[in-house]
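Take a look at these structures.
Presented sequentially are two complexes of chain A, the first with chain B as partner and the second with chain C.
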Partner chain A sequence: MDTASTWSHPIGVWFGAIGTLALFSLIYRENRVYRLFEHIFIGLAAGYLIKTTWTEVLGPQWFTPLFRDGQWPWALVAGFGLLFYTIFSKKHSWMSRIAIGTLMGFAAGQAFQTTASDYIPQIRRSFKPLYVTPEMIPTGSGLTTLGIGLNNLLFVFIMVTVLTYFFFSFEQKNKVVAASARTGRLMLMFAFGAIFGSTVMARMALLIDRVWFLMHNWLHLQ
Partner chain B sequence: MSNPGHPLTRINRHWLYGALLAIVVIGLIVPIPLPLAVSPEATRFYEAIESAPKDKLVLVSTLWSASTQGENRPQTQVVLKHLMKRHIRFALIAFGDAQSTTLAQELAEEQARIYKYEYGKDWINLGFRQDIAGTLKGMVRDINETLKTDSVNRRPLAEYPVMAGVRNVKDLSVIAEFSASGNYKSWVGLVVGSTNAAFCYAPTSVMAPELYTYLDSGQIRGMLFGIKGAAEYEQLLGEKGFTTRAITPVSLALVLLFVLIGLGNYGMYATKKMEGNS
Partner chain C sequence: MNPIQSFLSRAFPALHGGALAGAVAGCVVACVVAVLILQALPGKARKAVIAAVTFVAGLFYALEFFLPANGQDENILTFAVPTVGNVTNVLGGMTLGLGVLSLIRIHGANVVKVKSGWENSALLLTSMVVMAVAGIKFEQTLFYRSLFRDVLNSFDAAMFAVLAFFIVSAAYRAFRIKSAEATLLMVAALVVMLGQIPIGQYLTHWLPVKGSYLSLLRLDNISNWLLTTVNAPAQRAIGFGLGIGGLAIALRIWLSLERGAYFEAKADES
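And then the complex of A and B:
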């Protein structure tokens, strides 16, 4: 991997290598070196977040306009933000609800918009034709009407069975409904299996990245 | 005396970790050319960049940190490489994780040196924003007004040639997000409906399965499935870099896990059988 600028300085490479080995030492057993580097990592990440929030957000978006450009209405934002901290006072904690309530209102309004844009196209797309004509085949796809039809049938079958599984409003005594729900649960298990497999692949990728760093950047083996 | 179980159930876990490490090291040292089928979603991501007009800006959004750079970094790298090969101008923006903006900046600088990309003319860094929903809503209306300055020189965006002709998200050709988080919902919910720009997503492998419904509905144009997606993209670019090399140990490690799961299950089965016989 080309990490020339990130790991160009030998001190950075050595610190990265020692940190990597220290964190991997947990595989052998719990130890103090691991704990030390775990705390260093978390502390660095938290400190970096504070620094970047100031340099990228609060500094240019709030401090500069307020104190250098004289845009005084930005002071109201600070007052509003400080209302959150009144939660620590029994006498004034009611004031924090103003800030919390306002933000909840914003979030609820956004949720309306995002829910509609998020799910409606998917619901619309779930109405798939089971009878496929040659005109429906995407050009250059190499698919057949039978293939698309079977694919759509499988999609609808899985969707209906999974939805049946989530009918919790009544007891699933009917044999057809119960069988459909059981099939739906089985289909969900397949999906969870795929997610588990993907998770394993992700973890392997992270391991490989670190091993490559040790081999390539630190030991110069490759 | 209690049954100690089948020997397969008593293997010290350190041997298993050792075997995994050995597989990874061998896979990285000895490049075994395993076949890699390029998925339709990676092809669509590639085609979105390949067909992007040269006079329009591509927005590259990042939300990843050191903890997921094993997957997100190669993804970002191959797409930046593709953009620069085609000489398409692009803007970086980072959300959620503060490390993201620095890591993406470093990566872009590395590639910019190789492809002679000039900051401000060919690419720009729009910086880091904590509030994704508010920022995206602002960008739908006016990018310059919402973000105001770049993060490198702190100069107004309108002063940069790279931002010429860009007012809001409608003026973008592609939005590519590289993420270790689920903020695709914000993009889909707040931006995708407001622009004709192709929205492409590069998540970690953990998140990728949940995105297929979005690919099916067309809300997400293309996707890179973790490191595998990056390797596929590299193949489409006609290059053999780190991801092509890394995909071999990934495959070998997964085979090892299959074998170990099989052996573990056989060990449990054999132990129960032994208990039944005793």
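And then the complex of A and C:
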């Protein structure tokens, strides 16, 4: 039995197909059927989030260490986590800020490590060599040393100009800085256009996938 | 095993059976006592407690990062990083209950008071319970698998596919050429889209694939070049800005210097 059939059932396919069509009905205008399936979708998504939180986080990282491995201090973590729920009590709601503050503190501490482990190597890698030797050409790239050098120069130029555009610590009165910021703005438009194009294509891919689901999985049209 | 690690394993040994039940009960009592003490604190002390726990939580990662490491790139705190990471995950996981409770409160009230659209709320709550129970208790059954793949996956993809149509109307507004910036945006988007679809690739299919400068003019190559050489550095520059901004905000939160609706709210207001 193949994977597709062990994960699919005709009733599920029918329900999925009807729901897909109902959700697509929004393209015409908002209606009761759309709202009905929208609510079902939100409920299923919330239920799935509960499932993954339990099976991937709370189960293996809290329940198992506490009740199966006997690591009892995890009971204190649960008690601490329950402070979040004091938010529903007017008298005790300030205590939820202790738990929220702890999460924020952890996130802040991790931000220091992220800067060192992610951004600093990226900054180092961003200053690409402008003089390229034949050994530096990646295998199968088909580019020449001059081509890679020009690409690298353009990469650094665009990055510096965009960084200049976002530099708001002082007024950009200097002509060189102003011109660089203006160029950075134009380069950003190129980047946003590319992002926009990629996003449209990703959405179109999903649309094609849905049409394939309706025609192939539901109606069995080849 | 370093001194802190050996101290912790001696201080908090694994317990089983009745000893574990007793320890858990002790933890519950300790939590209740802690809550009573916290509630008795005056307003200024409450703020100090919040600032202190925020600082201590951030201090762990800061110390782990700044303390000198040995030859294996580890220091005296490195052993605790996975456990602290798990604590963060567990605390984060427990916040999910806040969202679920809010959903239940809002939609439960709709159902109980038979407000307009109550049947939608009832279906939302039912589908949430069915999915959660099926996922946790009956994960290996065909019912859950079909619910996940045929229904949830389909609805998820359909929701995002609907956006394709709205993006088209957004594109109409964005692509109206009124300025140099709009022109660049349009050209880049058009080239990237054409470079990824067969008809776009067909337009320049007669150009050589490799081995000639003319191959650089193929739409798929221009699209790829735009994404890797023009889009990537701009995105990286945005990323650096975000990183520096994130670091500054992290420092302000860690040191309780941040101001705003949440941070300026008085701990003693209740």
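The rule we apply is simple: the second predicted complex is superposed on the first by the 181 of 222 C-alpha atoms of A that agree within 3 Å, B and C clash if a C-alpha of one lies under 4 Å from a C-alpha of the other, contacts with A are read in each partner's own complex, and residues count from 1 in each chain.
Basically, a contact is a pair of C-beta atoms (placed from the backbone, for glycine too) under 8 Å apart; a residue touches a chain by one contact, two chains touch by 3 or more.
Remember, predicted model here, so these are calculated numbers, not experimental data.
Participant: What is the contact status of A:Lys91 with respect to chain B (first) and chain C (second): first, second, both, or neither?
Facilitator: second
Participant: Figure out whether A:Tyr28 sits in contact with chain B (first) or chain C (second), or with both, or with neither.
Facilitator: Touch partner of A:Tyr28: chain B, not chain C.
Participant: Looking at A:Leu154 after the superposition, I want to know if it touches chain B, chain C, both of them or none. Which is it: first, second, both, neither?
Facilitator: In the superposition, A:Leu154 touches chain C alone.
Participant: Looking only at chain A, is it chain B or chain C that touches more of its residues?
Facilitator: Ranking chain B and chain C by residues of chain A touched puts C first.
Participant: Touch test for A:Asp118: chain B only (first), chain C only (second), both, or neither?
Facilitator: After superposition on chain A, A:Asp118 lies in contact with both partners, chain B and chain C.
Participant: Contacts for A:Lys173 in the overlay, against chain B (first) and chain C (second): which applies, first, second, both or neither?
Facilitator: In the superposition, A:Lys173 contacts neither chain B nor chain C.
Participant: Could you look at A:Arg210 and tell me whether it touches chain B, chain C, both or neither (first, second, both, neither)?
Facilitator: Both partners.
Participant: Under the stated touch criterion, which partner chain does A:Leu221 make contact with: chain B (first), chain C (second), both, or neither?
Facilitator: In the superposition, A:Leu221 touches chain B alone.
Participant: Under the contact definition given at the top, report the residues of chain A touching chain B in one complex and chain C in the other.
Facilitator: 6, 27, 45, 48-49, 51-53, 57, 61, 110, 113-115, 118, 122, 191, 194-195, 197-201, 204, 206-207, 209-210
Participant: Chain A touches which residues of chain B in the complex?
Facilitator: 14, 17, 20-21, 24-25, 27-29, 65-71, 73-74, 77, 97-99, 101-103, 106, 109-110, 127-130, 133, 137, 148-149, 151, 154, 185-186, 188-190, 192-193, 204-206, 208-210, 213-214, 216-219, 225-228, 241-242, 246, 249-250, 253-254, 257
Participant: Contact residues on chain A for chain B in the complex?
Facilitator: Touch list, chain A to chain B: 1-2, 4-6, 27-28, 45, 48-49, 51-53, 56-57, 60-61, 110, 113-115, 117-118, 121-122, 124-125, 191, 194-195, 197-202, 204-212, 215, 221-222.
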